[in-house]
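Presented below is the structure to which this report refers.
Chain lettering (A, B, C and D) follows the sequence in which the chains are written, and residue indices restart at 1 in each chain.
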Amino acid sequence: MELAMDRAALEDFLARDFGQVAEDFAVERADATGVTLRLKVAERHLRPGGTVSGPAIFALVDVAIYLAILSRIGPVALAVTTNCAVDFLRKPEAGRDLLAEARLLKLGRRLAVGDVLVFSEGMAEPVARAGLTYSIPPR
Amino acid sequence: MELAMDRAALEDFLARDFGQVAEDFAVERADATGVTLRLKVAERHLRPGGTVSGPAIFALVDVAIYLAILSRIGPVALAVTTNCAVDFLRKPEAGRDLLAEARLLKLGRRLAVGDVLVFSEGMAEPVARAGLTYSIPPR
Amino acid sequence: MELAMDRAALEDFLARDFGQVAEDFAVERADATGVTLRLKVAERHLRPGGTVSGPAIFALVDVAIYLAILSRIGPVALAVTTNCAVDFLRKPEAGRDLLAEARLLKLGRRLAVGDVLVFSEGMAEPVARAGLTYSIPPR
Amino acid sequence: MELAMDRAALEDFLARDFGQVAEDFAVERADATGVTLRLKVAERHLRPGGTVSGPAIFALVDVAIYLAILSRIGPVALAVTTNCAVDFLRKPEAGRDLLAEARLLKLGRRLAVGDVLVFSEGMAEPVARAGLTYSIPPR
């Protein structure tokens, strides 16, 4: 399978279309299996106690699946999240970036479905799991 | 049923324990039925195109259920979200605050479950629906 | 709003298109707000201990939302469930039917989203809550 | 990691505690990674059109995660499902069994979380994905 957008193309897309938010993320990998997205954890992502906030984890898994879809169909700016279910499993480690491993389970004409495991960098046990559905505009 | 924390007590708790995030929210209602929480939509909550971002909606529903739990059991700072499922139904209206109507469906010794409807202020059709589970520490 | 199918029409549809499964259910209500569907609890729906099984509750909420959609758009046999999230809140009461209160939150051209509260008949506290998404074929 | 119950012990448990339902299933694998459970698809699992019904898929993923938990902690009959979210991705192939690949993502003192991919036997693309949470009684 050929990718419509590789790692560099996804990074360019982020920088161009996501404005300031793009600074939070780095695309570590994009291949036939999916995408790895890094959240460069900073003060603004933390809750009191030093743990990464739920909304920051939500943003990470949402962008990760979005990029996994774009890597296959190209820069379709109008795909929108219709459903996102997150299980929060463990407290993220303080002072470590988060890595989201996203894979596409279905890429249909109208709907794309993927899931994501989120890890504190270097740790074996996931901190969160998410399943997301995107609605894809008619092409 | 008597509330452990009323609207004013919840606002104080937000201001004290949520730091800067508290400025995003206002508690509109807290009664036996649940809590209404306002997201004071500002530039930082928006996506390109003027719509409220997914992470901002996630934060809104998460805090709304958290406050609904606290209104019943008092300021237990250690309750944590274990699961959150959001359906995104419609684009929020530009230039309007969001209102989250949260109700508790179960308040057990270990788990609390609630759901939330989110509206653009003044609109009849919801922009999002969410179900959340919180784990409550032993009391 | 006028209904495309009323209570009697939904019952007829069930009997015609759902075969034996139809005997499990009775449509109690169909109006602009949604649908109430009864699961006529029988031996085959029970788990050891006398509680209604998870799959029986799943079937109940799935059929309830399906009928709520049909009540609005008529007998479109090809609508399919794409996502279903159920929170199991309490053990159903032994020896009581279950009632599912289903409402539609969105009825779009491609997707319909609804949620359901399930009660043991006569009880105030719900035993389950579910959110479902259906994909609707082009009309 | 040593398993508290291996494949044969899980099959015995099913036969003893699940009554007639046990005949629907066969445990294909139980190891440190998780459990593979087969649904022996029969007439009673089908919807008109020959596809496996949603409730049958729900039962499959629910039992698969339950057995994955038991394989680690032994025969704790009181673990109960608190949340189950299923994405239905593709129509199962007619005339083929379903295989559920279940893995545990968290096994805490109070909650266990796992996810499952479901395949029509011999096919590469999953027909469903599910995430489940179980509440575990104090040991």
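Please note the rule applied: contacts are C-beta pairs under 8 Å (C-beta built on N, C-alpha and C of every residue); 3 or more make two chains touch, one makes a residue touch a chain.
Owing to the predicted nature of the structure, the values given are computational and were not obtained by experimental measurement.
Across the two candidate interfaces, A-C and A-D, the one carrying more C-beta contacts is A-D. Centre-to-centre, using mean CA coordinates, subunit A is 24 Å away from subunit B.
In this assembly, the C-alpha centroid of subunit A lies 34 Å from the C-alpha centroid of subunit C.
Once the centre of each chain is set as its mean CA position, subunit A and subunit D turn out to be 28 Å apart. Residue positions of subunit B touching 2 or more other chains: 82-83, 85, 87, 113, 133.
With chains as nodes and touching pairs as edges, the resulting graph is complete, every pair of chains being joined. Remark: subunit A residues 17-19, 48, 53-56, 58-59, 62, 80-88 touch subunit B in the complex. Every residue of subunit C that touches subunit A in the complex is listed here, in rising order: 82-83, 85, 110-111, 113, 133, 135.
Only residues 85, 87, 89-90, 105-106, 113, 115, 117, 125-126, 129, 131, 133 of subunit C touch subunit B when the two sit together in their complex.
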